[in-house]
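Note sheet for the following structure.
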Amino acid sequence: MLIIILNLIGGNNMTIIKKLALVVVSLSLVAVSSISSAKPFSPKKPIELIIPAGQGGGADEIARLVQGVIEKNDYASKPVIPINKKGGSGGEAMTYVKKKAGDEHTLIITLNNVLTTPVNQPELGIDFFNDFTPLARLITDTFLVWIATEGKNTQGVETFDDFIALARGNGLVMGGTGSMSEDELLLGMMRGQFGFDAKYVPYDGGGAVAKGLVGGESDFTLNNPSEQMGFYQSGDSKALVMMTPERNPAFPDVPSSYELGYPDLEYYMMRAFMAPAGVDAEVEKYYTGLLHTVYHDDEFQTFNIDDGKLMSWLEGYGFKRIS
Amino acid sequence: METFALLLQGMATSFELLNLGLLIFGCLIGLFVGAMPGLGSVNGVAILIPITFIVPPTAAIIFLAAVYYGAMYGGAISSVMLGIPGASTAVATVFDGRPLAVKGEAMTALTAAAVGSFVGGTVSVILFTLFAPPLAEVALRFNAPETFALMVMAFATFVGLGGDDIPKTIFSILIGLVLSTIGLDLITGKPRLIFFGIPGFLHGINFLVLAIGIYGIGEMLWTLEETKGKVQMSKLSVNMKEVGRAFSALKKTIMAMNIGSFLGFFVGILPAAGATPASLMSYGITKQLSRNSKEFGSGVPAGVVAPECANNSASTGSMLPMLTLGIPGSPTTAILLGGMILWGLTPGPLLFTQQPEFVWGLIGSLYIANFFTLVLNIALIPAFLMVLRIPFAILAPVIFVLCVTGGYAPTQSLHDVWLMLLFGFGGYMLRKLDYPVAPAVLSIVLGPLAEKAMRQSLILSDGSMGIFFDFSSKPIAAVIMYIAIVLLIMPAFGPIYRKFFKKA
Amino acid sequence: MSIVTKFTVRRAEITVAVVLALCSLALMYKSAQNRITWSAEENMGAGFLPFYLSLGMFICTVITITKFILKKSPQSTNNEPFIDAVAFKFVSVTIISLVVLVFAIGYLGIYFSLIFFLAFYLRYFSEKSNSFILNFSITTPILTFLFFEWLLKIPLPQGISEPLFYPVYDVMYGSSSLFMIWIYIIVTVLSPSALVFLANRFIK
C-alpha cells in the first residue's frame, strides 16, 4: 500500500534529481548570504558541551541541568549537546578541547580534575593556564565526612572528634572515587593533620561510593552533598563535618569545620565552564552572558540550593586564581 | 496490595491520549535507535531530556520507558538481520540469531526475540512488584567480592563457547581481557597501555568498537569472500505457514524463557552488573543445561530467546538499584537518574515511600511499553525482512555506513573508527585461521567489571584471595564462587566421565 | 595474482602466529611501563594484570607455533591458498575504500565523504544505472544527517564542510516555520525516492 503511494509520488527519476539539485543549490545560496552578515556572535551550529566525566556524575548532572535550562527557556538559538569524554580522569576531554583551539562551538565543564590531571599526567602536555579560555564559575561544591548510621566499625561515633579518636590506629576503610582524585588527596591531608591511617578503596563514581558505605564495605567516605542525599534523608548515613566555614541550609544538623575548630579542613570543588583557547572576545562575551542568564534562572537556583550546593558566580580569570 | 493498586494506576495513566501517543512514538524511536549499530537506548533517552521540560514529568517518564524498552527490542533486530549487535545487550543474540537468518529462518529468530523479550519483561515486572524492597537490601549487600564471584561465574558459563583449538580459544579470551585494561586504571589512577601517546586510548576500548568491527566489518569481508558479492544475503519467504512454524518453534524454548527471565532479573538488580552480563550468562547457562547444547551457535530459537528474555528482564531489574541506591547500572540509567534529579526526585531508600506514584508509574509504563513494543515488533517483522531482499552489493555499503557512524557516535572520536576497521580486518584474518572471536568480545565486556571488583576486594583483604571463598564473612560471594568452579570443571569432566564409564 | 595463490593457509598460520607473538611481547613491554608487582604489603600495580595476561597470550602463540612445527594443527598441513584471487580483489578493494573513507571523513567531513564512497562502491560492485547510484549516494548521507543531527542530536564530523551546514542548522533550529517546510520538502521528496528505488529495483 505504502509502496504504491510512494510510487505515485516519485514516478519519474529525473524530476527527483532536479528537485534535489534545486534543494542543494538553494541551500548553498543561503550559506553564502549568512556568512557575509555575521557581526555580533551567535552560535551557527549546535554547541558541544564536553563533560570530562562519565554519565551520572556530579559534572554530568550540572551539564545536563544547564542544557535543560537553556533549551527550556530558549536562551540560545542552537541546542547544547552534552558529550561525555571520561577517559583518563578528564585527560581525554582536555586534549580534545586543546586541539579545538579557536573553535566557537565547544565548551567544557570543569571539575577540579582540570587542575589535578595535568599534574598527574604530564605526558598529556596540557597547560591549564594557556589552553583554555575561562568563562565563569557557577557553583562550588564541598565535601562532607560520612559514616554509615549502622556501620559495624564506627559504632558509637557521634561527632567528628569521636571519629578522629577511632580512626587513629584502627585501620578504617575509606571509599573514594579513584586514586589521585580529590578525596584521596584530602585523605592524605587528614592523615597528616590528625594522624590516622585508612585503607583507600576506589570505586567509580560518587554514587557507588555512597552505596559502598551504606552496604558496609567501607567505614567512611568523603562525598559531595548530592551523592549521599538519598541515604542522608533515609537516615542510613550521617555526616560528621562539612568542609566549609558555615553550615549549609540543606544539612542543618551538620557542623562546619570552622565550628569544630578545624579551619584547615576547608575544601571546594568548582563547577565552571571554559571555552577553548584563542576564541574571539565576542564569543567569550556571548557565552559568559549565556551562563549568566542560566545562573540567574530561578529553576537553576532552586535546584542547586536544595541540593546543598553553593551558588558562587565568578567571571573570567578570577576563578582560576581561587581554586 | 497497595503496590498493585499503584501499579495499575501507573498503567492506567499510560493510556491517556498524550501519554499513549508519546508511548508509541517512544517505542518506535527506541526500536529504530536500538536497531542502529552503536546506538542504544542511551541516545534515545538523551534526546528526551529537553522534552521532559515541555511535557509533564509523568508523560516524560512514560516516553523514556518506551524508548528504553523499544531499544532493548531493537538491538535484536540488527543482531538477527545484519549480524551486528545493535547494542551491547544484544551480543549474545547474534550467536544464534544470525545463523537462523542465514538459514532462511529470520522470521523464527525475530519472533523468538520479540516473544522472549515480552516474557522477560512480564516476569521482571511481576518480580519487581512483589519483591522490590527486600531485593533492594540484597543489592545493597552485593559488594566487590560478590561482583567478582559473579563475573567468574559469567566466564564459567562460557567455557563451551570456544572452538576446538584450545590455545587459540585461550588466546582469544586473553586478548579481550588485555584490550579491556587499556585506558585509565581506576585503582591506581594511572593511564595504562596508551600506545604512542594517542589520547584516544585514554577512554579505553569501547566494547562496541570491537563488536562492530568483528561482527560488522569482519562479517562483511567474510561474506564478500564467500559469495564474491553475487548472492543475496539469505533466502526468505513470508507466509502463514512460516508464521505458524515460528510460533511452534517457541514451544521448545520454555526452559530458556525461565532461565532468561529469572536470571536476567536477579543479575539486573545487582548494581554493578546490568543487562549485558545478564544476557551473556543466560545464553551460557541455557546452552549448558540444554539437551542439544551442541547445536547452540548454529541457529536454535532457544539461543535467541535466552539472551533476549534476560536483557529485557534485566532492564527492569536495573531500575531497582537506580531508584533505591542511586547507582546507575548503565549510561542509560545514569541519564534517567540525572533526569530524576532534575525533576526534583532524590533517588534513595525513601523514594518508594515518598514518591510511590513516580516509582509505580515508571514500572507500570515500562510494562505497557513492553506490550506495545511486542505488538509493533510483530507487526513490523515483514518490513524488517525486506532488508534481506536487498542485493548484497547494495546492502554492503549501507552496512559499512552504519558501522562507521556507529563506531563514531558513542565516543565522538574518529580514533575509534580506525580501531574498528583494524579489529574488523584483524578479526576476519583470525577467524579464517580458526581463532574463535566470540570469547574476545565476551572478555572485553566482562573484563573491566571483573578486574575492578577483584582489585577492590584484594585491597579490602590485604591481598588475600581467601576473601572470595570465606563462608563466614562473605557467604554470597563464596556460594557463587563455588558454583562458578563447579561450572568451570563440569565440561572438563564430561569427556573423562564418558571415557571411563562408557568403555567399562 | 601469483603472490595471492602462493600465500597458503600454512604460511598464513605461521605468519599470523609470529605477528601475534610479537604483539604479545610488545604488550608485555608496554604493560611493564606501569608497576607490575603485587605483594601483600603493596596493592596490585597497574601493569600487573595486563602484563601477565599478555604473557599468557605469548604462551598461547608459542603453543600454536609449536603445533605448527610439529604439524599437529589442521592449518599446518593445509597448502590451499589462504584466499582465492577473485575474493582477494573484492576484499582488498573494500578494505582500501574503507580506509580512504575514514581518512576523508577527517578532512571532508562524513557527509561528503559518504557520497564519494557510496558512488565508488556501488559503481564497482553493483550493476545499477548511474542515475540510481547518484540518487542513492546523495540520499543516504541526507538521511544520515537527518537521523543523527536532527533526530538524535549527535554531531558527526563535518571537517572542512562545516560552514556549509550553518544555514541548515539555522533552518533546523530557527523559530520560523520555514524549518518545518524544509523538513517537509526533504522528507517527502527524498526519502520516498529512496524507498521507491528500493521497492522498484531490488525487490522482485
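Each chain gets a letter, A, B and C, in the order it is written, and its residues are counted from 1.
Going forward, contacts are C-beta pairs under 8 Å (C-beta built on N, C-alpha and C of every residue); 3 or more make two chains touch, one makes a residue touch a chain.
Because the structure is a prediction, the values reported are computed rather than measured.
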| item | value |
| --- | --- |
| Chains touching both chain A and chain C | B |
| Most central chain, Cα average position | B |
| Chain separated most widely from chain A, comparing mean CA positions | C |
| Approximate Å spacing (C-alpha centroids) for the pair chain A, chain C | 33 |
| Chain B-chain C separation of Cα centroids, rounded to whole Å | 22 |
| CA centroid of chain A to CA centroid of chain B, Å | 29 |
| Numbers and ranges of chain B residues touching at least 2 other chains | 46, 187-188, 190, 412, 459 |
| Sequence positions of chain C contacting 2 or more other chains | 153-155 |
| Touching two or more other chains - residue numbers and ranges from chain A | 79 |
| Residue numbers on chain B that touch chain A, as the complex places them | 42, 46, 49-50, 52-54, 140-144, 183-184, 186-191, 197, 199-204, 271-272, 321, 325-328, 331, 333-335, 337-338, 341-342, 344, 346-351, 411-413, 452, 456, 459-460 |
| Of chain C, residues touching chain A in the complex | 131-132, 134-135, 138, 149, 153-155, 162-171, 173-174, 185-186, 188-190, 192-193, 195-196, 199-200 |
| Of chain C, residues touching chain B in the complex | 9, 12-13, 16, 20, 27, 30-31, 34-35, 38-40, 43-47, 49-50, 53-54, 56-57, 60-61, 63-64, 67, 73-75, 82-83, 86-87, 90-91, 94-95, 98-99, 101-102, 105-106, 110, 114, 117-118, 121-122, 125-128, 136, 140, 144, 147-148, 151-157, 198, 202-203 |
| Chain B residues within the chain C interface of the complex | 29, 33, 36, 39, 43-44, 46-47, 165, 167-168, 170-171, 174-175, 177-178, 181, 185, 187-188, 190, 192-193, 195, 217, 220-221, 224-226, 228-229, 386, 389-391, 393-394, 396-398, 400-401, 404-405, 408-409, 412, 414, 417-418, 421, 425, 428-430, 432-434, 451, 455, 458-459, 462-464 |
| Contact footprint of chain B on chain A as seen in their complex | 54-56, 60-61, 64-65, 67-68, 71-72, 79, 82-89, 91-92, 95-96, 120-121, 123-124, 173, 178-181, 184, 199-205, 207-208, 210-212, 214-217, 226-227, 229-231, 233-234, 236, 303, 306-307 |
